[in-house]
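Next come two complexes built around chain A: one with chain B, the other with chain C.
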Partner chain A sequence: MFSHLKSQRVNLQLLQEAAHNELVQHLERIEGSKVVVLDKALVLPLGLVTEVKVFTERNIKLIVLSGELDVPKDVTNIIYIVRPQVSLMDQVGNHVMKLGQQGRQFHIFFVPRRSCLCEKQLENKGYLSSFGSVEELSWNFLPLDADVVSMELPHAYRDVTIDGDTTSLYQAAMGLVQLQRLYGRIPKIYGKGVQAQRVWDHAKQLAINEKSLYNGDKGAIDQLILLDRGIDLLTPLATQLTYEGLIDELFGIQQNKLMMPAHHFPASNIGIAGDSFAKLLGFPNTKIISLHSGEEGYSELRNKHFNEVIRLLERKVKELNIEMNKYSREHSVRQLHIFVDKLKILEEEKRAMSQHTEIATLIQTQVNEYTFAEDVAAEQEFMVCADIDKTSVYIEDQIARKNELRNVLRLICLQCAAASGLKEKVLNSYKRDLAQVYGLEVLLTVSNLEKAGLLYPQTESRSYAVLRKTLRLTVEDSVEVEPKDISYVHSFYAPLTTRLVELSLKPLGWQSLKSQITNLPGPTFEDFQAQLIGIGGRHVGTTPSEGSLLHVPRVVLVCFVGGCTFAEIAALRFLAAQEDNHVEFVVATTNIINKHTFLDSVMGS
Partner chain B sequence: MVKLFALSVFYKGESEARLLKTTSDLQSFSFFQRGTVNEFMSFASKTIVERTPQALRQSIKQDTYMCHVYVRADNLAGVLIADHEYPQRVAHTLVTKILDDFTAKVSADQWPNGTEVSIAFDSLPIFLARYQDPKEADPLTKMQNDLDETKIILKNTIEAVLERGEKLDDMVVKSEKLSMQSKAFYKTAKKTNSCCSFT
Partner chain C sequence: YHFLNAIESNALESNLSLIANSYTQGRRAVEAELCTDTGRLLKLQKALTTKHNSVHGHIPFYGMSVHDTMLQLLRMGEQKEAEKIKSDFKVPDRRYWWLRIRTLAENHKWDDLEKF
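On to the complex of A and B.
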């Protein structure tokens, strides 16, 4: 089921297997009949490392954690797989209270690590004694695809910037050490941003004790680039125009699963494998579609601009039509035999194309709305810094109509990011209008945005405007279909983060970048993990074996601290696909975000 | 309609062909015609054998009939009178077969001087009846027919399978519609950069 994870040089299937084996080991250590109670937020992530049949094979029933717990009488062990959150402990405690008798044993597996706070909570309520084993499943990074790992922490950015909770940074650091344990030492590290630096300092600290890291050659990954979300807040606020980006923004993709109302899809389209974790969540009348590189046809479509996808779909469907009707012209049995062999593949393709044509149609209906077009046009004007220092007529209009607050705030933050800060007059004017229309409470939300660094007054430096020219963030000659430049992901705007990565690929790239990005918030840092030789632990300088071999592309791990979008991932994949760049990317992120989820999280809903 | 009418075994002598055994199936003719037809067929068969050299197979068209003749090197000959649709290969297979059968059952010394009465060979009517349906009798034709039938079933099955799920035609229409309705997202294209002044 996870074979699609191993197609790159960094074989992420190893990560999946490690996580899976950890789970199985803990499960098998407990004797007797068992039932597993799952934290709702972990149901889909669980599907990224293991399969339902692993539980059914061992006769273990799966239940989703909720207020009530219904357990069959003959079960002796109840295992909870939960995040270390105190609120969940109360629910667990209630269960223990109700079902504690009859010789039942309780167990907890914390994901990704145990929490003293949670254990204290259980102890205080007197439940801790009923627990047989308290373990942790150190799943820091979960493999989403062959080139993407994610911590699946939807609120990482908010937690750090607004609440001052740096747990996600610690988890990222642990994750990096874990990756190095699996794939070897990373010799070169580059980074930009406050949180990025904190993650690296942490990771270095944790790695001091890992002797295995420093003995032997460098691992599969040549470089690590850590990027703080805070250095580029414009990109996550912009509307993504890649196929996958649009699906995420309009319908929402969770852990590679897309849930759509069933009536859009013909019931006879068989193809989703039987049991899946998604079914546990019980959405009636919903079609669950798997979206990852193992699915037929998806890799070809996901990273392209929507307009290119439409053309591609049309062409593929026509080709399929011709192929499938060939059988009626075949006459000899042998030719028919060959056709029948191909039939299965053709059927798969047909099913996939049918699904994608439907999804694309649904996307287009929304995209063709004039509201969508006007929003995108407003975004584009901000991105080229048109009238950036005045209150935007469009935004004022939106406020006046009391349109969706989230979108209005998004546009204001976008203008702020493009202007590198709003003039006080402008900011105050917006705040006034917002309060008048949406009520005073909106100012609390606005204050959250300010804490998060999305709204701030203008200072001397106009970093975006400058970088727009020096790094060519917006391009004149944009090409949506068969593009030559990463700017296609937003039609004509290249995500700042990806541009940085692109430029760092050139020889001495990072060094020349350093001077250009001083205006972006946070430190620019680099580091070097060298091999330790001998008992005394002398560090060895760059030996020829440390540099990348000529014919083998180098592997760069790009770690987004605070989240990244599908568009940024698509842009990186585009870079990797270009022969000249000689590179393969692995993306690590706290979570995959889009303009809606990012704002929702920061707004505090 | 494939039909066999008469089947005869002759001995080709120096001057004439000697009829050794014959059988016919004249049900398709009206009762009163049968006698005439029979005579005609016998005469035709005899003549054909006399005119066919040794070690030769022939198929001769005669009005609405086809006469298939095989004269062996040892002067034993077989004639099969059929209609035009009867497959030639099957006809010759039949003739060869009865000649082999005849040779096995009737000793060669009886041939030059045998008459219908003196020769003891009863298989002819059986063969004639069986081979009325060439498909059943001839394994090769049978196989070919089975094959053709299988092909048709196969094509029908494939068609049924392809019809599953969404119809391909619908998909083609849908995808064309998509293409027609696509819009460019990048509008602000050539807008002059009334960009920021650096203060």
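On to the complex of A and C.
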């Protein structure tokens, strides 16, 4: 159904189909006419596993969950598909109270797990008995693209660090077990960070009873690398300079969908790529553009540095023009026939190109603005540790002009990450400035940042400064066009997380890394899941088949606990494209984040 | 200091000393100091509001940040009072000059701006 998910050795279409079938099964078990009420947070994620057609074919009406519910009179079943959040239960309860008398049946599907709290909430209010069935749709990881799965939990990092809610860790563990069920046992596991370790401990616990995982050969995935967002907080705060990263930061990509004001695009384009799930949310005058590897042109552009994208677009448009003109001079009937066929493809390409040039122009205008360049320049100074122990004049000026608080805090946190903690004096001076300009309330936000580990006083170790050298996080002779190193995604800074992955690919890579990253917070761990042989269940260190598979690329599942950015994904794709690495990546993350969404989530109260 | 969260929501002047105390208990001297500063500021703002009521009409100083209070005063041309706040609350020169430049530009006092 979703062809863009295919093509990899780990075929994520399987995951999508499994999720889709689960939904259909649950739906068909309920007899009679139905209405499906969707949690707002699930409308777009639902589009990742299924199509609106599934509902319309079965004559099911879709409604977005809200305070007032308008249900046709003749419907006998009302099905809720919701995240397990207690606050939603009150809304559901209200509906039950209003509509319950008319002999209707209620059903509720929790995604991905039912929660005791939610059920208790319904029970306490006495609604639970009105529900015909309470089911769960175990959609832990949703397939975003051929090599990316995401839990679509935007607040995972915040939940764990600030609110102490570890549900997302458990869900990630469930997801890892689920992936192993589909794709087979993962023999080797490396990991770094406290939360990453917790995820793995959970996953091991969960898998203990699944004997099938330990029998038979290893699966399609050779290796798992679990990385905690907490070990690298600089990357998510930095401005991404890849095409996809910039689109996300400036306009926001949600579940592969980009919403843009329609007036930027010629009218003829509207409606072509319309997505019916997004329509449910009802945005007038918005154009919805799908962005994934199945889209013409996009797969080539998305991971490139923005400066390269502009050039590529220019060249493409030229090529397209030549193609079009070439054929208009051909005259024989046969040739015309071929041309007409080709024209369709060309037209499609042209449409895609015009869309991307439009997006690129919009980005260009914002990127060209003075403030953008200034911000990036300030970031880059921190990245190379210039003047890092003093208060930054640039930040102070930003505060003095009372510029957007989020951006100011972002820069302060960035300095803190690069300096591995701010000097007491510096931190206090920032606090005083912030409180005097933005008001006392800002201290609450600051305390959130402190809890999230984004702001902290300096200690002895200078892990970033050391790692910058040993792991070559900043590269001096970096090129943005046709790059040779992953550092191009931030112009010259290589995200720590992806650098770790890159180095671990080398022979004995992880072993030598271990000693280098002891300064980073959290434990470094490794684990092997070997095949059980014989009755005694003897463990074998490495699977013998691995050595003979040298010519087939290894598949490495990189799991980001707490979210990852498009730039990091781009860097991983870049690594996979290098031939001597012999590797394919699958990325699993709690959510795709960028500098805005990450901070917003942490700052909010 | 965690229960600041609960108190802050109704942001009452009377709670400030309480909050400051809990900050001190949590060994967070800066935050505590800022709380007492805010207390002083709120008193001052009340005075300012009554003082300027007759000339400039009712201006709700109350609850503004230090920065906004100075900005408001400069806009009204009350440079002396703004400077008093500057020294009272130890506002760095640099930030104060930003405000000065901004207000002068707003009022098109280009001559004064050149004198800098």
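As a convention for this text, the second predicted complex is superposed on the first by the 590 of 605 C-alpha atoms of A that agree within 3 Å, B and C clash if a C-alpha of one lies under 4 Å from a C-alpha of the other, contacts with A are read in each partner's own complex, and residues count from 1 in each chain.
In this text, a residue touches a chain if its C-beta (ideal position, glycine included) is under 8 Å from a C-beta of that chain, and two chains touch if they have at least 3 such contacts.
Small disclaimer: the values here were computed from a predicted structure and weren't measured.
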Does chain B (first) or chain C (second) touch A:181, or do both, or does neither? neither
Taking the superposition on A as described, I'd like to know which of chain B and chain C A:440 touches: first, second, both or neither. second
Once the shared chain is lined up, is A:428 touching chain B (first), chain C (second), both, or neither of them? second
Which superposed partner A:402 touches (first chain B, second chain C, both, neither): second
Determine, under the contact definition given at the top, whether A:472 touches first (chain B), second (chain C), both, or neither. neither
A:314 contacts which: chain B (first), chain C (second), both, neither? first
Could you tell me if A:351 is touching chain B, chain C, both of them or neither one (first, second, both, neither)? first
Comparing chain C with chain B, which touches more residues belonging to chain A? B
Residue set of chain A touching chain B in the complex reads 241, 266, 268-269, 306-307, 310-311, 313-314, 317-318, 320-321, 324-325, 327-328, 331, 333, 336, 339-340, 343, 347, 350-351, 353-354, 357-358, 360-361, 364, 367-368, 373, 376-377, 380-381, 383-389, 419, 462, 465, 476, 478, 480, 491-492
What does chain B use to touch chain A in their complex? 147, 150-151, 154-155, 158-159, 161-162, 164-166, 168-169, 171-172, 174-179, 181-191, 193-196, 198
What part of chain A is in contact with chain C in the complex they form? 393, 396-397, 399-402, 428, 431-433, 435-441, 443-444, 447, 605
So in the complex, which bits of chain C are touching chain A? 1, 4-5, 8, 11, 30-31, 34-35, 37-38, 63-68, 89-92, 94-95, 98-99, 102
